[in-house]
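By letter and in written order, the chains are A, B, C and D; residue numbering begins at 1 in each of them.
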Amino acid sequence: MRTLAWAVVAALFALLPLAVHSDVVLTVLVFACLQGMLAASFNLIFGFTGQLSMFHAAAFGIAAYATHLSMEHLQVSFWIGTLLAACLVAVLSLIVGSICFRFRLREFYFAVVTLAFSEMARLLILNWNSVTNGSLGINLQEKPTVWWPGAGVVKLDGTVPWYYVALAGLALTLLVCHRLVHSWMGRCFAAIRLNDALGDALGINVFRYKLAAFMVGSVIAAVTGSLYAYYLGSIEPGFLSVDQSLAIVAMVLLGGRRSVAAPVFGAFLLTALPHVIHFPAEVRSIVYGAILIATILLLPRGIYGTVSAVLRRG
Amino acid sequence: MGMRRSAALIAAAALAALPAGGAVAQEVVKIGQIEAQTGPLATYGWMGYQGVKMAVDEINRAGGFTVAGKKYRLEQISPDTRANPQEALIQLKQLLENDKVRFVFGPFLTNVFNGIEPYATQNNGKFLLMGGATAMHGMLGKPNHDYLLRTWNWDAGQSGFGQLLVDYLKKQGAKKVAMLFQNDAFGKVAVDIYSPIFKQAGIELQVELFEPGTKDFSAPLAKLGAGKPDYLFPGYTDAVLYDIVRQATETGLFSRFFLVRGSLAPGLKNKEAIDDYIAYLPKYFEEAEKKEPKVKAFVAAYKAFFKTSDFPYDQAPLCSSSCYDHVYMLVEAMKRAGTVDDVAKIKKELMSMTYSGLWNIRYDSTGEAVFDFDVVHMKKGGVVTATHVQPK
Amino acid sequence: MAQLILGQLLNGAIVGTLYGIIALGVSLTFGITGIVNFALGVFMMLGAYAAWYLTDTLHAPYPLAVAGAVALVAAAGWIADQLLFRFTRNDLVNGLLVSIGLIAALEGTALLAWTSTPKEMHHILPGVFFALGLVVPKMKLTVFAILLVAIALTQLALTRTWMGRAAYAYAQNAEAAQLMGVHTGRLQTGVMVYSTALAGFGGALYASLYSLEPTLGSLYVLKAVEAAILAGIGSIAGALVGGIILGVTEGVGSIYLPLAFRDAYGLIFLVAVLLFKPSGLFGGRR
Amino acid sequence: MLLEVRGLTKRFGGLTAVANVSFGIERGEIVAVFGPNGSGKTTLLSLIAGMMRPTAGTILWKGAAISEWQAHDVAAGGLVKTFQNPQLFMELTAMEHLLIASHLALKRRLGVRRLLTLLGAHAGGAQAAAAQDDIRRHAEGVLALCRLQVAAHRKAAELSYGEEKMLGVAMALMCEPELLLLDEPASGLGAAEIENLEAVLHDLRAQGVTLCVIDHKVGFLGKLADRAIALHHGARIAEGSPAQVLADPQVVEAYLGRRHA
């Protein structure tokens, strides 16, 4: 039943470009899908395993730079570059995660140390001018190519192809998260989130599965980073900023952290809303704050969570 | 040719799209603006936004303007990019596609410009982008970048002011200068621009870059001061200048300053402790207000329009140059071109005219603004001498 | 060179106490309410603007302005606690997000009220002290002294007064404290208000040293959190020392190493400390 | 010898919780460890289960020294401990608890191949599917054994104290322990619940599970245990059949001493 519902939703999104021709709307959707990938992957670490990682933006940004650099210096294709970037981030998250979890940094301490690592990464990228062009950022001229049914190998140019790439990315992310969360490994995550001492006593290697969640989440963020950078066509140190990480947390909280799909809902909301409702600048930031607070205090399960709960009740 | 035809087509479409009938007697020319109006990097964007707002309001209250016998009024559409390229890209698409805007001001921020540049380039010929971002400089005059006009003058180059200021500094007998700049897009470029100029002038240059947001400069000042330079060449917005100048003078580490951005205000505030305060000012408002009626009127208008008693002399240049004057200049160009939607024609007029508003503005061959400016030299106690410069 | 280092040690200490006063608030709030109140940054900002407005626009004498600013911010803190934080007690994540929301809202308000144009208070106490070859602005030294006193008084209040001891007991062992008859709700509100008042106080003094922008708090609250953790949550003197260590690391660090990495020096130190003493330098077993 | 403890000592600062305790447990027997509160029973169990590091002494599990092992490795080794005051995943149902606790069972059956099951329920091949069904059946069996069928789909937060403690035992059983360490399973239970517990323990014995049960009073252990060990101030003061140990003057003194205090 639910599978069917999801299939329908997926089909609708896949067919959307046939009905919607507005480049603006599609652009918003591309970004929403990419932000959705970030939110969902972050929620794997935060919502399901209970670790408030501030490394997500770093994984996102580092991968964006790594992809470009490997394409430039190793003359590899975008997809190979993305793969390399993902591997790099996997290694980095392995190191950061091992340090944090080995030393049993909990909750807030984990958040602060991961934040520290991402800040160092940002400062490095900001100041390593010869390689990253520092604060000026880099314009990404080359466009990735994909094999397109019928058309053969084509450049990813224009919004519609990118829409499908982003949509596919999001679908894949959701699938991965869904499978993980509803598997034995997902049960380990839950055990860690709810009572890791007990999990330990039951023979669950808390360190290993914390690390697993952290690495999987970060790697998805990395892939998102390369896609995002090449859709936008430029990279800048701001990709790694604290605000980025906090924005992701906000999406998850707004959507809801107890289900795989809810964060995506939050991502769509936060990406689209500013372009649907127009406020004067200062008012916008006030409204944003108010919405955030209201959601947390009045809808602790997030908007999606609350709605679906209500629906289930009948 | 093709460009023009497509532009004309779009124009037709736009006119068709406009609400018909008596409700709207006047046609509307929309002016888009994509600037960061909130956040730590918002100073420039915010002032630019105010400049356009004032100009648009004035022109409309004066009954709009007439092009080819038709009356038009202006409409400003200025979303807040929050210094975020993603937001900016979506907003620019909205402006071009939904609002059918053909004239867009901004952005000031390089990361934002980099984010919209590919899309803007795809739409070359359909609109004009008039911004101040550092990264724009490199794109000017490149193929498919006809849409680009940079509303700020550039330090380097023959009509740039950098050389001239350094020469002036040399005349003051400077041997060694300490540069203390924000570690951001312009900071980085400024180092690249000025290092060779100083080298050429035979002036030694020490450089330190700091994280934007820094408030306490004791460490870098002490570090630089240890080298006993005669001049301090501090960052480029008053947000940091107030702090740097104060801390540098209080501790007696520096009494001579050399600025290529920012204002006189930080100098005046510490005038007793300062021997020389040499600043490039796009316009020395404090003085111009007394001499030029236009400027006096602008200051009054600003205070009235934003219901404030204190006029931000330090940031007025952003407000007026980059936007207030350029709106008027654009309208003038439309009148001369006899069209409000053939951007190619309008650009041609912009490139060929010199507009005398608060300043005298023209564009060089690449599409970068060149305008008169003042070199202001404040001596101990706040005695100010200003030299008005008209670049070649 | 020695002169240079000595100067930075002193200046680092001064800057550090400013981190420290906020860190103290962070530490107390976290210890008593289980919330990391990032909004202390905006409360600091409010305090700074309030002090500036009272002195430069309403021409109140500076000390009075500071008092006024503290009162205003404390009131704001009380409202925030009653309307928001009361509902996120002992919920780290929600507390964090509520404070993020609060930051967005208050920064927006500040922007409406004062725009992004930097404001600088007239110089309250110009001039410098000369001591052992060092040059220190009088105002900086004064602020330093005042902050030290404020932190010392807090220490006293927490050890001498009943409320203070209750707070201490609560931080050590909530159940025991409740048995002791500590009224949790009142205690937590008290701490919330006190910590925001401290932030406002820090802000009001900040205004006499540096220029003001609506976003000034964000940097400081990050440093404060670093300092609080560096020291170990719940330690008063620790918060101060943590702040000072941070200030000095940055100051001396940027003498020998590139200035652009200044913020990293503190962070590296912090990570190192957390790894080898997770409870912080002064924290007991937790 | 399944488990052998030699000269085990644990000090917290000045306080010595466990003082040079030695004993062994044979496969299939039921050992009762008892002593007044604060006599170091719980510490002793935590040391054995790898939740604390001993100050001195060695723990041999099937001949291997395990005193430096992590708790989850000890559990994986077949040595599982329950908690005195039940530790649960509050927002999950009893059944979900058992599925989490089935982690080791799955690991033993599939090893690394369990990663394949992440790709799809049947990606792991027939064996994987079989293993998962098998585990479900096992879980239901354990629920029945622990008299928890009615609670199967209720959230832990809604369970009675007795059920909570029993769920703790059930989770431990899901780990397929060779030696089950029960930390005061009867404390805080009503008479009926204690009877229930006894029944469960009898069934376990019938299944040949080796048990080490600690309690502050001998109570029902008297009937159940093959052997008893008495602790006082962290030291072993008597060992033998429950009856002998109960009769031991030192033990009596220890309890009388408490009663007078």
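Methods note: contacts are C-beta pairs under 8 Å (C-beta built on N, C-alpha and C of every residue); 3 or more make two chains touch, one makes a residue touch a chain.
Only a predicted model underlies this, so the values are computations on that prediction, with no experimental measurement involved.
Participant: Taking touch as defined above, what minimum step count separates chain B and chain D?
Facilitator: When the steps are counted carefully, the minimum from chain B to chain D is 2.
Participant: In whole angstrom, what separates the CA-based centres of chain A and chain B?
Facilitator: Those two chain centres are 36 Å apart.
Participant: Between chain A and chain C, what is the gap in Å from one C-alpha centre to the other?
Facilitator: The answer is 33 Å.
Participant: With chain centres taken as the means of their Cα atoms, state the distance from chain A to chain D in Å.
Facilitator: The separation of the two C-alpha centroids amounts to 42 Å.
Participant: Which residue numbers or ranges of chain C touch two or more of the other chains?
Facilitator: 107-108, 111, 258, 260, 263
Participant: Can you pull out the residues of chain A that are in contact with at least two other chains?
Facilitator: In chain A, 126-127, 281-282, 284-285 touch at least two other chains.
Participant: Going by the contact rule already set, what residues in chain D reach two or more other chains?
Facilitator: Correct list: empty.
Participant: Chain touch graph shape: choose line, ring, star, complete or other and state it.
Facilitator: If you draw each chain as a dot and join those that touch, the picture is no line, ring, star or complete graph.
Participant: Can you give me every chain pair that touches, using the contact definition above?
Facilitator: Touching chain pairs, listed by label, come out as A-B, A-C, A-D, B-C.
Participant: Flag every residue of chain C that touches chain A in the complex, lowest number first.
Facilitator: 30, 36, 84, 87-88, 92-94, 96-98, 100-109, 111-112, 222, 225-226, 229, 258, 260-261, 263-264, 267-268, 270-271, 274-275, 278
Participant: What residues of chain B sit close enough to touch chain C in their complex?
Facilitator: For chain B paired with chain C, touching residues are 38-40, 42-43, 46, 183, 208-211, 213-216, 218-220, 222-223, 226, 238-239, 242-243, 246-247, 250-252, 269, 312, 314-315.
Participant: Within their complex, state which residues of chain A touch chain B.
Facilitator: Against chain B, the touching part of chain A is residues 22-24, 27-28, 31, 126-127, 129, 134-139, 232-234, 236, 238, 271, 274-275, 278, 281-282, 284-285.
Participant: Please output the residues of chain A touching chain C within their complex, sorted ascending.
Facilitator: Interface residues on the chain A side: 52, 99, 103-105, 107-109, 112-113, 116-117, 119-120, 123, 126-127, 242, 246, 249-250, 253, 281-286, 288-293, 296-297, 300.
Participant: Hey, which residues of chain B end up touching chain A in the complex?
Facilitator: 37-38, 42, 79-80, 83-87, 89-91, 93-94, 97-98, 110-111, 114-115, 117-119, 134-135, 183-185, 187-189
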